[in-house]
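Look at the two complexes coming up: chain A is in both, with chain B in one and chain C in the other.
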Partner chain A sequence: MNILEIKNVTKKFGDFIAVDNMSLTVAEGEIFGFLGANGAGKSTTINMISGLLRPNAGEIKILGKDIGKHSHFAKRNIGIVPQDIAIYEDLTAYENVKFFAGLYGLRGSQLHERVEEALQFVGLSDKQKSYPKNFSGGMKRRLNIACAIAHRPKLIIMDEPTVGIDPQSRNYILASVKKLNEMGCTIIYTSHYMEEVEEICTRIAIIDHGKIIAEGTKEQLEAIITNTKDVWIGVKSMDNMDINKLKAISGVKAVQCEENMVKISSDIGVNNLNRIIQCLMNDGVEIRSLEEKSPNLETVFLTLTGRNLRD
Partner chain B sequence: MRDLVWLIRHTLKRTFSNKRNILLYFGTPLIGIIISLLVYGGSTAKDLHVGMVNHDPHYITNDTIRFIKSIEHISVTNVKESEIDDKITSGKLDCVVIFHSGFSQSVQEGRPSHIQIVSIRGTEITGFIKSYLYHYIDNIAALGQIAKGDEHTFLEMYKRYQQAPFNMSVHSLQDTSKHKYMTYQTIGYLLMIMLLSAGNLAEIIIKEKENRTYFRLLSTPINAKQYVLSNVIVNMIVMTGQIIITLIMMDTVFHIKTNIPFWQMTTILMLFALVAIGVALMTVAFASSSASSGAMQNLLTVPTCMLAGCFWPVDIMPAFAQKMADFLPQRWALDTLLKLQQGHHFGSLYLNILILFAFALAFFLIAVYKFGRNHSVGNFL
Partner chain C sequence: MNIVNIAIKEIKRDFRDVRTLIFMLAFPIVLMLILGTALSNAFDSTISVEDIHVLYKDKTAGEFSTYVRTFIKEAKKSDIHFKKASHHMDGRREVKQGNYDGYMEIDNQGVQLYTNNSNSVKGSIIQGMVAAFADKYNMVAAVAQVKPNQVHMLMNNGHRDDYIQETSLHSKRQPGAMDYYAITMTTMIALYGAVSASYLIRGERTRKTADRLLAAPIHKSEIFIGKILGSMVTNFLCVAIIIVFSKFVFKAYWGNHLALVYLVVFTEVLFAVSFGLGISYIARTEGAAKMIVMVVIQLASFFGGAYFKIEATSTIARLITNLSPLTWANTAITKMIYANDLSASFPAILLNVGLSALFLLIAGMSLTRREGL
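Entry: the complex of A and B
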C-alpha cells in the first residue's frame, strides 16, 4: 500500500512557483530519499504533507486518505523532524517529548512508556531530566527526533536531521533511521549529504526547481546516466578555456570545472574525445592528465540538475 | 478537546513554573490598591490643616484656639495675615480662622462677631470647623449674656466652664466619595495591568513561532484555530484570577467599598478582559517579532490608559482629550463602573456594555483577518 501519494501538487508564493505540478508515491516500508539543492522545494513539499501549508492545486493522500479531508487521521500517522530544531529550552528532555506525545492523545502509563522508549531510542535516557539549553547540537537534534517518534507514527519525515552535528551523533541518527525502518516505519529522508542518502535510502527522488526530475533506486538512477561517460582532464590553467565551445561539441552533456580539473560528461555512444582535446589545444590549454570515471549519485545529480548539491 | 486541555495546561505550567510570573500576573494588580491608599490617605481620616490669625490677644481668644487644637484630626499653625492666600491656594492649609480685634469683647457681650473663616475647599471643610467652633463660642457667649456685662460674674462662670470635663465625642464622617475615588483608581490601574498581561501572554504565540515549536504543534492533531483558542483561554484564566484577587483584596484586606455588586463588577471586568485579549491578539498578528510586539504593546497601553482616565478622572483633562478618550475601551469600562456606583441599574447600561462588546469583536476580527493572511511558515523544515 502507498503510504504517501502526491498528485499534481503545485505551491506558489505570490508569482514564485516553489513546487511545480509534482507527483510522487512512497510505499510502506521504504526509506525514501529527497535530494535537492537549496531552494529546490523540499521543505515546501514536506510542509504541505504535514498540513502546515495548503497546496494551490493537486492532492495529497496519506494511507489513501486525502489530508485536507482527514487531517486528524493524517497528522496522527505522521511524525515530523523539522529542519530547524523545535523544542522548548525551558522544559526538560522528558517534558518536551511528553508534551508533544500528549497532543496525540497518549496519557498515563502508556504516555510514560512511550516517552521513555523514544528517549532511549535516540540515546538520551540518561539526560531526560536535563534542560536542552545545556545540550550539544547533536543532542538537541536527537531530542528533536524523539519528539517526532514517541506517538509511533507510520510515516516519519526527517528534514536534514544531521545538519551541523558531530560524526558520532550523525552515525547514531543514521543507525536509528535504519532501526525505525526495520521496526516498520516508512521514512522520508532529506539531506544535503549524498553519502547518507546513498547509504540508507531504498529509493531516491531528485528534485529541482519544484519538479521531480528523476526517481528510483540508486542503481536505477545511475542507470539513467550510464549512457554518459565522464572524462576528467587535468589542465595547467583554465584561463584561455572556453566552456561554451566545449559544450558545443556533439555528445557533450555537461562541463564542470574544479581547480585545475575539467570534467566533461558525454553520451556514451559518441566518440568525441579527439574533438575535446583538439578544442582545448586550439585554445592553448595545456593538458596534464586524462581519466575516465564511472558515474555515482553525485554525478547523477550534477548531470540532471547542472548544479552541485551543496553550494 | 482533550488535546486543547493538554495544551492549556502546558502553557499555564510553563508560564507559572517561573515564580516571577506569579508575582507579575497576580501581585501587580495589588499595586493599584496601594497607590489608591497612598493617594486617598487610606482608611484613617486625613488631618485638617487649620491656620490661625490672632489680632485679639485675650484669654477668651487663646482658649478658643486651644479648644480647636484639642479637636481630633485638626492640626493648627499660627500664620500671618499676609501669608493666607499663598498657603491656602498652595493647599498647605485647608482653612484659616481669623480672630479680628474685638472678638473676645463681642463674645463676652453675648453677641459673637469679629471672626472669619477663609477656605477655598467650600462647605465640606468649613462646615466641619464651624460646627465645633460656633458651638463652643455660643456657649461662652451664653455665659456673657447671663453675666449681663458684669466682668466678675463672667470670669467666675467662665473659669468653671473651662474646668468642666469636656465631653466631646468626635465622629469621623464615613466618607463614601473617598471610597469611590479609591475604587476608580484601583480599577483603572487593574485595566492597565490586564492589558499588559494579555499582551505578554499573547506574545507566547510569537515566541513559539520564533522557537519553531508552533510549527511542530501544528503538525500534531492541534490546528491553528485550537492553538489560538488555547491562548485565549489561558489569557482568560489569568485575567479572571487578577479580577477576583483584586476585588477580594479590596474588600477583605483593604476595606475599600466599591459600592457595586460583586457580580456586576466581575461581569464588566471580564468583558474588558475580552477586549484586552482582542487588542493583544491584534498586536501579535501585526508584529513581526516578539521584541516588536512588546514595544507595540507598551506604546499602546500606557498612553491610552492615561488618556482614557485610568490614573485620574477624565474631567480634569482638556476637552479634546476627553473626546479622544471616547474611542478607548478603558474609558467605557470605567464609565460603566462609575455609573454603577452612582446607582444606575445594570440593565440600563446596555449601551455601555454593547460598546465594550463591539470593541472586543472589532479587535478579534482584525486579528483573525490578519492571522489568516500570515501564511508564511518561514523555513520550518
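Entry: the complex of A and C
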C-alpha cells in the first residue's frame, strides 16, 4: 500500500513555481531518498507533505486520505525531523520530547513510556534531565529525532538529519534510520551526502526545478545514464598482453591502452572481472592496480541536473 | 488540553529565563526602593504655618464692638494675632510691605479684608476665618439698619468659636512616596510584558519550533491561545509578586479593595501581551517590533508618571498624559485605594480590554492569512 501519494501538485510563491505538477508515490516500508540541490523544491515538497504549506493545485494523500480534508489524521501519522534543530533549549531533553509528543494526544503513563522509549532509541536516556544547551551538535540532532518519533508515526520525514555533526553521531543516526525502518516505519530521507542516500535508501527520486526528473532504485538510476562499467588495470608492462583475448571475454565491449593502464569497458550487470584477471595473468602480465568505475549516484545527479548536489 | 500544554510550556520557559525574570521582578522592586526613599519628601503633604498677624481697624461701636473683640479673642487661640491699627497707619500698605499678613477694616456697614498674595496659605486661612465671621457680621449689620432692637439677640444667638474649620481638601490618607511608586512600578512592569509578547510567536519562527508545532495535529488557534495564556500567567504572577512584596516588605498601602486592584492590573497585563503580539505582526522585522514596543513603553511610563508625578497643565500635555495606559491604570488604582472609588476601575478595565481585543484581532487575522505561524 502507498503511504504517500502526490498527484499533480503545484506550489507557487508569487510568480515563482517551486513545485511544478509533481507526482510521486512512496510505498509502506520504503526508505525513500529525496535528492535535489538547494532551491530544487525539495523542502517545499516536504513542507506540503507535513501540512505546513498548502499546494496551489493537485492532491496529497497519506494512507489514502487527502491531507487537505483529513489534516489531523495525516499529521498524526507523520513525524517530521526538520533540517534545523527544532527544540527548546530551556526545556530538558525529557520535557522537549514530552511536550511535542503531548501535542499528538498522548497522555499519562503512555506518554511517559513513549518519551522514555524515544530517548532510549536515540541514546539520550542518561541525558533526559539535561538541557539541550549543554548538548553537542550530534546530541541535539538525536533529540530532534526523538521529538519526531515518540508518537510512533508511520511515515517519518527526515530533512538533512546529519548536517554538521561528527562521524560517530552520523553513523548512529544512519543506524537509527535503518532500525526505524525495520520496526515498520516508512522514511523519506533527504541529504546532501550522496553516500548516505546510497547506503540506506531503497528508492530515490531526483528533483530539479520543482520536477521529479528521475526516480527508482540506485541501480535503475545509474542505468539511466549508461549501460557500461569501466575497469582500470595498472600493469608493469603491456608487452605480453593480447588485447584480442580480452575482447573475447563475455561482456567486454572495448579495450583501451594508455601507457601502463588498460581500460576495459563491459556491459553493466555482467560480472566478468575474474575472467579478465585470469586472462592477463595467463599472458604473464603483472597487475599493479585495479579499479572498477561504474557511474555512481553523484555522476547520475550531475548528468541529470547539470550541477552538483551541494550547489 | 493542547492549549494548557502549550501554556504550561511557556510558563516553564519564562520562569527559567533568569535574565528576564530578574528584570521583571528585581527592576521594579529596586526602583521602588530607590525612588520611594529618595523622593519621600516630595510626597509629604504637611505644611508648617507660622503665627499669623493681622492688622485691623475697628470703627464699630456698642454691640458690634463687643462682637469683634470676641472674634479676635477666639482667633488668638488659633495663633492668629490681631493688632489694632493706629489712625495714621495705612493698613493696606503695611500688608503690601509684608509687615502683616492681612488687614481687616470693620465698621457698622460690614467687613473688608486685604491679604498678601505672596503667602497664599496664610491668606487663605485669614480669608476662611474672616469669611465665617463676616457672614454673620454682615447679616447683623444689615438687620441693624432695619431693626436695631434685634441686634443683641442675633449677636448672642448661636455663639461660635469655630471660625477656623478644618476642611480637608484631601481624603484621610494620601499616598507617600513608597505607596506611589508601589503602584506606578507595578503598572509599569505590567506594561513591560509587551516586550516578551512581541517575541511570543516570532520566537517560535526564529527557533524553528514553529514548523514542529504546525506539523502536530493541533489548530493554529490552540497555539495562539496557549501562548498568550502562558505569557499572561507569567507576567501576572510577576506583577502579583511585586504587589505582595511591596505590601509586606516596603509596607506600601494597597487599600481595602485588593481584588479589584488585581483585576485592573490583570487587564493591563492582557493589554500589554496583546499589544506586543499585535505589533509583532504589524512590524516587518523583529527589531522594528521591539523598537516600537520599547518606545511606547518608555513614553507611556514617562507620561504615566512612573518615575515622577506629571502635573499636566496644558491641554496637549493632559491629552498626552491621558493617552498613557499607565495613567488609566494608576488613576484607577489610586482612586480605588485612597478614595474608595470603585467605579474608577471601570474606565481602565474597559480601555484595557477593548484595546486588547483590537490588537488580538490584528494578530489573529494576520495569523489566519499566513501559512505558517
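Please note the rule applied: the second predicted complex is superposed on the first by the 244 of 311 C-alpha atoms of A that agree within 3 Å, B and C clash if a C-alpha of one lies under 4 Å from a C-alpha of the other, contacts with A are read in each partner's own complex, and residues count from 1 in each chain.
The working rule: contacts are C-beta pairs under 8 Å (C-beta built on N, C-alpha and C of every residue); 3 or more make two chains touch, one makes a residue touch a chain.
Please read all numbers here as calculations on a predicted model, not as lab measurements.
Chemist: Could you check whether chain B and chain C clash or fit when both are placed on chain A?
Modeler: Clash: chain B and chain C overlap once superposed on chain A.
Chemist: Figure out whether A:43 sits in contact with chain B (first) or chain C (second), or with both, or with neither.
Modeler: The first partner, chain B, only.
Chemist: Is A:175 in contact with chain B, with chain C, with both, or with neither (first, second, both, neither)?
Modeler: neither
Chemist: A:268 in the overlay: touching chain B, chain C, both, or neither? Say first, second, both or neither.
Modeler: Once the two structures are laid over each other on A, A:268 reaches no partner at all.
Chemist: Touch check for A:99: first (chain B), second (chain C), both, or neither?
Modeler: Once the two structures are laid over each other on A, A:99 reaches both partners.
Chemist: Which holds for A:51: it touches chain B only (first), chain C only (second), both, or neither?
Modeler: Touch status of A:51: both partners.
Chemist: Between chain B (first) and chain C (second), which does A:290 come into contact with in this model arrangement: first, second, both, or neither?
Modeler: So A:290 meets neither chain B nor chain C here.
Chemist: Taking 165-173, 255-263 or 345-353 from chain B, which overlaps chain C after aligning chain A?
Modeler: Clashes with chain C appear only in stretch 255-263.
Chemist: Both chain B and chain C contact which residues of chain A?
Modeler: 47, 50-53, 71-72, 75-76, 78, 80, 82, 84-88, 90-91, 99-100, 102-105, 147-148
Chemist: Provide the residue numbers of chain A that touch chain B in the complex, in ascending order.
Modeler: That would be residues 42-43, 46-47, 50-53, 71-72, 75-76, 78, 80, 82-91, 99-100, 102-105, 147-148, 157, 159 of chain A.
Chemist: Which residues, counting only chain A, touch chain C once they are in their complex?
Modeler: 47, 50-54, 71-73, 75-76, 78, 80, 82, 84-88, 90-91, 95, 99-100, 102-105, 107, 147-148
Chemist: Which residues, counting only chain C, touch chain A once they are in their complex?
Modeler: 1-2, 5, 9, 12-13, 16-17, 207-209, 211-218, 371-372
Chemist: Considering the complex alone, what residue numbers of chain B touch chain A?
Modeler: 2-3, 6-7, 10, 14, 17-18, 211-213, 215-223, 375, 377, 379-381
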